[in-house]
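What follows is chain A paired twice: with chain B in the first complex and chain C in the second.
Right after this comes the complex of A and B.
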């Protein structure tokens, strides 16, 4: 009888331990999403738009633009901070934003396409 | 012996309906001569029957062709073989009863400004039956190098970003560049230097000189939401205000659109590569995929005919499939002292 109780206790403790461990991992993930933004994100270019049009990131984040449109586009900041070559379909351009600030940019081939990155 | 079309609709003696009918026939090997206000048509086999007067009347004529937006290098669904459709356009031009005096290419020669694309374009255009080709760049021709490669190949004798002018049979042609230094949120741009040059270029011309301006992006607000317009074109048009006949030929929008504003006719050409949607009918102005059997009705070339003596300009858009021809007809203001009349459509 004691043995059974003991084994059940051990089992429960082990189980609880496992659960606790899982809960901790889960909590860590939740914590990550709330307090820490990912260090690398992607902006899609399609249908003559940058998606999303407004992006907010933490300093040190690398943004990669991917052109999924069937026409070439460019990614050019209005303050001269970054400028891609012409990106054909599936081409990419990446830039790491180290300084806080607002970075307006556009496609120099189709200038009506405008967007911005806010770094804070 | 030629056929006579006697249908004198107007007091100035120009047989407009007959002329338009004749222009539409032009694609099928018919030569049209307007002489003394009467239109005569000749089948190719009849050319020997032309009188001295007919031939003299033809001397005053100036006919040329506009092609646009060949986008060599594009290979997506809307048209996987743009070189083939360009060749079809050239075949159409080569089938004209009279070779055009020259051809205007209003830009987007290539799709990605690659050397191989420029090479293919030049090789393909060599088969076109004409004496000279004049170009202006599109935004797809000046990627990555501010147009250096474009100007090296096509910009000899041009100024600044590649603008220039020339005269042919008393008509003054002006090639403008409005695809450089585009600003965020903006439209096409001519820029200060080019506008200054333009003012000076036309300053001493007689107001009776017919003017043809050609540039890639439309020089009027065709559809600003999609970037189809030029920020500072009003300034350019102000310098041309004194002229009785101004024709503006553009590309960029891959469809025919037209507007008449006083003595200025604006006209855009079809692409030889792929069609684009009509304004506001799609979320964006990109390449438009249509059923294969419909493609060649939406690609084509533009024939332009000047009849100097009668101050007449005829613009005929010919789709590759040859099934239909939309024609437009414009009469600029004749020399001062005579009555003016304006026709459109």
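Right after this comes the complex of A and C.
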């Protein structure tokens, strides 16, 4: 009788432990999933160039361009998906990339300034 | 569209620079036509430059100017990328207006006699000096915007 109670208690404890562990794992996964939200990325504009020139991000990522140059620049997508106004020194422009694909862009004032964002 | 002079400028800015330099040479050539007493050719030459410059202002310079200079005045006037083109724009407007006035007053009978200059040579020389200054500040603008900012 005692043996039966003992074994049931051990079994229950083991079961509860397993459930608790599973719950912990589940909670951890939720937390991780929340952490894995696409981060905001910054691209610097300076000395007639976009830095970095090629940027790879996950869908849903918001990219912010910051003009650190002492000249105005623009950020214009070649396929017309986004277009900033003229960004003065320290001005910012942000765009959220929701669709996968390759987005090439340039500065309309200085057309040799080109770069791309790869969303995958 | 990319430029053809090997700088950061686009096609329109490069084309404008070449045309402005050519127009500067044409004005000097026109000055020599006047010295050679070929006044009709002189008038046609200088008037053509003024009219072509109006088109360059409307289609190339004003769009850039309104985007890169007008929006930054007066806050950024201490920056060379604003100050040089601002001086260029101001003197350019005066030079274009004075030039058009000289063409109207000297080459047509549109203006009443009371509104016409009498000291032609003096005003034409002032116009040439002004145009030269505008050309130099225009070159400065091109360098500051498209070659490398002068820190």
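Before moving on, here are some points about what is shown:
In this text, the second predicted complex is superposed on the first by the 82 of 120 C-alpha atoms of A that agree within 3 Å, B and C clash if a C-alpha of one lies under 4 Å from a C-alpha of the other, contacts with A are read in each partner's own complex, and residues count from 1 in each chain.
Following the convention adopted for this analysis, a residue touches a chain if its C-beta (ideal position, glycine included) is under 8 Å from a C-beta of that chain, and two chains touch if they have at least 3 such contacts.
It should be emphasised that the depicted structure is a prediction, and the values quoted were computed from it without experimental measurement.
Contacts of A:88 after superposition: both chain B and chain C are touched. Once the two complexes are overlaid on the shared chain, A:104 sits against chain B while remaining clear of chain C. When both complexes are overlaid on chain A, the residue A:48 reaches chain B and chain C alike. Comparing chain B with chain C, more residues of chain A are touched by B.
By the touch criterion defined above, A:62 lies against neither chain B nor chain C after alignment on the C-alpha atoms of chain A.
Of the two partner chains, chain B is the only one that A:78 touches; chain C does not reach it.
Taken together, the two complexes place residues 48, 69-72, 86, 88-89, 108-112 of chain A in contact with chain B and also with chain C.
By the touch criterion stated above, chain A contacts chain C in their complex at residues 48, 69-72, 86, 88-89, 108-113. Within the complex formed with chain A, the chain C residues making contact are 1-3, 8-11, 64, 67-68, 71-72, 76, 79, 81, 144-146, 149, 151.
Within the complex, the chain A residues that touch chain B are 47-49, 69-72, 74, 78, 85-86, 88-89, 104-106, 108-112, 114. Against chain A, the residues of chain B that register as touching in their complex are 76-78, 111-113, 139-140, 143-144, 182-187, 225-227, 283-287.
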